[in-house]
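What follows is one structure encoded as C-alpha cells, with my remarks underneath.
So that you can tell them apart, the chains are marked A, B, C and D in the order they are listed, and the count of residues begins at 1 in each.
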Amino acid sequence: MLFPIMSVPDRYILTITCPDTTGLVAAVAGYLRDQACFIDESSQFGDPATMRFFMRAVFTRSAKSPGIDAIKANFANIAAPFEMKWEIISANIKPKVLIAVSKFGHCLNDLLHRWHTGQLAIDVVGVVSNHDDMRSLVAWHGIPYHFLPVTADTKAKQEQQVLKLVEDTKADLTVLARYMQVLSPDACQALSGRCINIHHSFLPSFKGARPYQQAFERGVKIIGATAHYVTSSLDEGPIIEQAVERVDHTQGVADMVAVGRDLENVVLARAVRYHAERRVLLNGTKTVVF
Amino acid sequence: MLFPIMSVPDRYILTITCPDTTGLVAAVAGYLRDQACFIDESSQFGDPATMRFFMRAVFTRSAKSPGIDAIKANFANIAAPFEMKWEIISANIKPKVLIAVSKFGHCLNDLLHRWHTGQLAIDVVGVVSNHDDMRSLVAWHGIPYHFLPVTADTKAKQEQQVLKLVEDTKADLTVLARYMQVLSPDACQALSGRCINIHHSFLPSFKGARPYQQAFERGVKIIGATAHYVTSSLDEGPIIEQAVERVDHTQGVADMVAVGRDLENVVLARAVRYHAERRVLLNGTKTVVF
Amino acid sequence: MLFPIMSVPDRYILTITCPDTTGLVAAVAGYLRDQACFIDESSQFGDPATMRFFMRAVFTRSAKSPGIDAIKANFANIAAPFEMKWEIISANIKPKVLIAVSKFGHCLNDLLHRWHTGQLAIDVVGVVSNHDDMRSLVAWHGIPYHFLPVTADTKAKQEQQVLKLVEDTKADLTVLARYMQVLSPDACQALSGRCINIHHSFLPSFKGARPYQQAFERGVKIIGATAHYVTSSLDEGPIIEQAVERVDHTQGVADMVAVGRDLENVVLARAVRYHAERRVLLNGTKTVVF
Amino acid sequence: MLFPIMSVPDRYILTITCPDTTGLVAAVAGYLRDQACFIDESSQFGDPATMRFFMRAVFTRSAKSPGIDAIKANFANIAAPFEMKWEIISANIKPKVLIAVSKFGHCLNDLLHRWHTGQLAIDVVGVVSNHDDMRSLVAWHGIPYHFLPVTADTKAKQEQQVLKLVEDTKADLTVLARYMQVLSPDACQALSGRCINIHHSFLPSFKGARPYQQAFERGVKIIGATAHYVTSSLDEGPIIEQAVERVDHTQGVADMVAVGRDLENVVLARAVRYHAERRVLLNGTKTVVF
C-alpha cells in the first residue's frame, strides 16, 4: 500500500539524506526497532553517481514506544555520525499549500476537487492570482482568494505581495498551477524546494513560452507535461513527474492544448501528492521520488 | 485539426453507414463538390469483416452553395441507391446531455469543468442522482439537480422517473458518470446508442461490482477504465474508449481507486466528446471512432 | 542503478519471505553491517492484506567480511526466529534457462539476441520445440536444439521428454516463448515457480486460444501481453509483467498480431530478467516484483 | 485493416500532395470509380496551417478496369489542374532497403527478423557498416555485408563509398540503424526523403551525442526514441515516429540504454514500415503519417 489516505494516529514519516556508507539502514532500522516502532513502508536508494544515500520510512508507534519527542531527540545521536539531514514528521500533518493561478483554471479546479473530496492530503490556505477569473470557483470551495493584478511596472511589487502572502499564510508549499508570471531569481531562491510549477511540455523540450505551439511546429508525435521545483533557471528545476500522450498530424495547437490539459492535471496533482507525502528528496539538480 | 472548438457558421457534419461497394466516396465527395461545399475533414472505413462502410465528413457551405435544407433534401438521392443510413447536422448544434451520478463526483466535476470552460461542446440539461451529495456543485454551475432516491422497492419506479427526465429534458445523450444503479433491459433498450457508461476496469476484465478489488486480487500490473454504450448485457456494450495506467504490488485497492479516477475522467470525457462530435458509428457490437 | 549488467566479484542477492513483524529490516541490515557488507540495493514490502513481508537486498562483501559460506551459515540464526524462507546466491550466477517454442519465433529470436549480446544474464542451455522451424536460428547461436514433435497420441509422452530435458539440462527456468502446447497439471506442478509463459493478451481478458481474435471481436481499443508463472489453471498463474498498446477500428486480427509481437517480446524479456535477477517473489496467487 | 500483409494482385497505392481546394476528393474518388477500381483504404488531410492537401488511397483493379498503365496515364489529367505531386505504385512492390549499422546490432537484428519472417514488406539489399561485428548475423540471413571502415582521414571517402553502394544496390531507402557516423550535408541532400535515422532520445530533447547520458543528467522521468528523415541539420529532420518509456531515479545510464533499445527497435521498425507502405508524406519540416 502506498501512503494511507485515512490517517492513522501515531504514524510518522522519516526522511534522510546523507553520504552513502555501510550500516545506514541497519542504524535506522535498528533504532526504530529499539523504539518498538513498526515500519509500514521503507524505501532507500544509494546513488552510485553522487555517492549520496536517500531514505524514507513510514513508521507507527506502539504502546511500548517512547513519546515521539523522545524518539526525535534521540535520533539525533544516530544521525550525527552519518552526517544525516533528516526529519521526522507526523504523517497526519497536512502541508499548508498556496496555489497560484492565472487564467487557465483546469489545474486549480482539479487540485481543489481532489482536496475537497479528501483525495489530496493538503491544507489549501489560499489561492492567489493576477486575474480575477477564478474568484467564484475558489469562493465555492470556501478558500480565500487573493487578486493581485500585475503590470510591467508593478511586477516586482506584486511579487513581493505574493511572497508576503506565502509568509502570512505560513504556506509550506506554493503551487504554480498555470501561473503565467516568471518569478524573479530572488523569489525562486526564497521558495527553493517548496515551490512546484507545472510546465506544459515534456521538458527539456520546449522551454519557455507557448510550448504547444513549439511542439506543433516541430511536428512531434508525443506531447507531455512536467512538474518541477522552481529554480532561477527557467524550466530547468529538478523534475518531479512527467507524463505524455500521443498526437498526430491532424491535431493543431488547440487540440494539443486540450490533450495537454489532462496531462497537466494529472502530473501536477501527482507531484503535489508526492511532495505532501514527503516522497521527493533532492539529489543535486535531480529528484529521488520514493 | 480535429473538430474546431470555436464554432464556424455553416459548418456541417455528415455521417454515413451502408454496405461497402465501389463508388461510395466518389458519390459523396462529388455531391459535396457540386454543392460548392469545402470538405474540412473526412474519414471513411470499409470493414472487411462485415463488409460495411462508414464515413464521417465535416464540410462548410460557401457563398455559391444552396441552402442547407436543399443540400439535405437532395442528398437523399445519393443515399438511396447505396442504402445509406445517414445524417447531416450543423456542427454548431450541441447535443443535450443529462448526467447521472451517485456518490463519486470526480467524473461529474470533470465533465462540468470542461463544459463550463467551453472545452466540451455539449449542452448539459441536468444532473440526476440517487443521492443528494452533488447538489451544491451542480448548483454552482447553474444546472438543475434532480434528486431521485432509490431503494430496492422503488428501483423500477425511480428508473421510470429517470427515463421521464430524459424525455422532459429532450436529452440526446445520457451519461452515466459513476451512476451505481444497473439499468433494466427496457431502459437500456430505450436509451440504445444514446447512453454512455464509464466502467472502472479495462473491459472485458473485471465486469460488474468492485472492479478495483477484483484487479487487486488478480494481481494485474496495469489497470484501466472503459467508456461504452450501455446495452442490456452488463458491461458488454460497444467500447468507445479505454485507457490504462501501470500499478505495482505496493498499491492496495484504495491506491488503485485513486489512480483509476484519473483514467475514468479522461476516458469518459473523450467518449462524450467523440459522441458529441459524431465521431462514433456503431459497427455491430463494436464501434468505429473517427 | 538497477542490477548491474557487468558482474562484480563478491556481490550477492538475498531474498526473504516471512510473516511481517517489527524488527525485520533491523535484523537483516544489522547482520549485513556486522559482516562488513555494503548494501548496494535493498527493497522490502509488507503486504497489509496478507501480513507477509518480502525483501530483496543486493550486497557486496568487503575485505573485512567473513567468507560467503560463513555469512550464509550464520544468517540461519537471524532467519529462524522470524520463520524466514530465504536464499543468498551469487549475483554472478546466471540461471540455466531452457526455452520452449513452437512456430512463432519472435520471442525466441528476441531472447537469444539479448542473451547473445550480454543484455540478459542467463545461461541458455537449450531450445525445445514441437516443430523443426527454429533449428537454423538456434544453431547459429550455438545452442542445442531439441525437436520433440507431438501428436494427440504422443502428447503425454512428449511432455515427459520435455520434463526430462529440463532435468538433464539442469534448467533453473523454463520459458514458454510462444510454445503452443498446454502443459498437464502434473507438469505445471513439477515446474511450479520456475516456468514462465507469455500469453498474448492482457490477462485476465481473453484467456485460452486465439486471444487476438477474441480481442478483435470484442472491439477493445487497447491490446496487451502478459508474462506469468505457469500453474495448472490455464492462464491464471501469478502475473509478473504486462504491457499494452493502443489499437483502433482499422486494425484487423493480423494487425493486432503484429502489434502484439512487440509487446510479447518486451514483456517476456522483462519477466525473464526479473526472475533471473531474483526480483520476483511469490505472494499467494500474486507476485511482488522488486 | 491496415495495409494487408499478404499481397493482393492488382492492388495499388496512390499518394498525392497538392494545394488544398474544393473538389479534390471528388476528383480522385470519381476517377477511381470510373476505372471500376475498389478503394480498400483511403485517408486524406488538409492542413489549415499550410493549406496543403495530402491523400493516400489503396485501391484494387477489377475485371472491368483498364490496365494499370492506362490508369496511371489518364490520372495525369486529373492531377494537372490541381497541381498534384502524385504517384501510383503496386502495393506488392517492396522497396529496396540498405541498412547501415555500427556496433550496436539490436535494431539490425530486429529489422532482419521482421524481414525474414515476412512481417516487414521490404527487400533488404545489403548491410553496410564501419565495423565488422555484424558480418556473421547478416551472413546467416543471406544478405551481402559491406565492411567500410572509417577513420578521421577517410571519412569523406568512406561516405562516398556508402553513397555508391546506395546507387549500386538501387536502394530506395537507406536506414541508419544505429549507424554512428554523421552524414555530410551533401550526403543528406543526396538521400533527402529516402534516409531514415533512429535517434535514441525523445527529440527535440537531447540531440547529438550520448543522449541517454544527457537524459540521466537532466533527471527526466520518461525517456524516448525518435525515427526521422535525415537532413543536414543534425537530429532535426521531419519526425516519423516516437515512443517513450518511464524511468526512475534508480536507473543509471546503462539501464536507460537497455530500456531504450526496445524503444529504438519498435520505433525504427514502425517508421520503416510506414515508409515502405507509402504512409509518410512530407509537410515542410513535418510529416503526415496515414
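The criterion applied here is as follows: a residue touches a chain if its C-beta (ideal position, glycine included) is under 8 Å from a C-beta of that chain, and two chains touch if they have at least 3 such contacts.
This is a predicted model, so every value here is computed, not measured.
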item	value
Third chains touching both chain C and chain B	A, D
Of all other chains, the one whose Cα centre sits farthest from chain C	B
Chain centre separation (chain A, chain D; CA means) in Å	42
Interchain centroid distance [CA atoms averaged], chain A/chain B, Å	35
Contacts with two or more other chains, residues of chain D listed in rising order	1, 41, 48, 250, 252
Chain contact graph, described as a line, ring, star, complete graph or other shape	complete
Chain C partner contacts - residues on chain A that touch it in the complex	1, 22-27, 29-30, 32-34, 36-44, 46, 48, 62, 246
Residues on chain B engaged by chain A in the complex (per definition of touch)	1-2, 4-5, 41, 105-106, 109-110, 113, 117, 119, 136-137, 140, 250-252, 254-255, 258, 261-262, 265-266, 269
Touching residues on chain B, where the partner in the complex is chain C	45, 47-49, 202-206, 216, 218-222, 224, 238-244, 248-250, 252, 283, 285-289
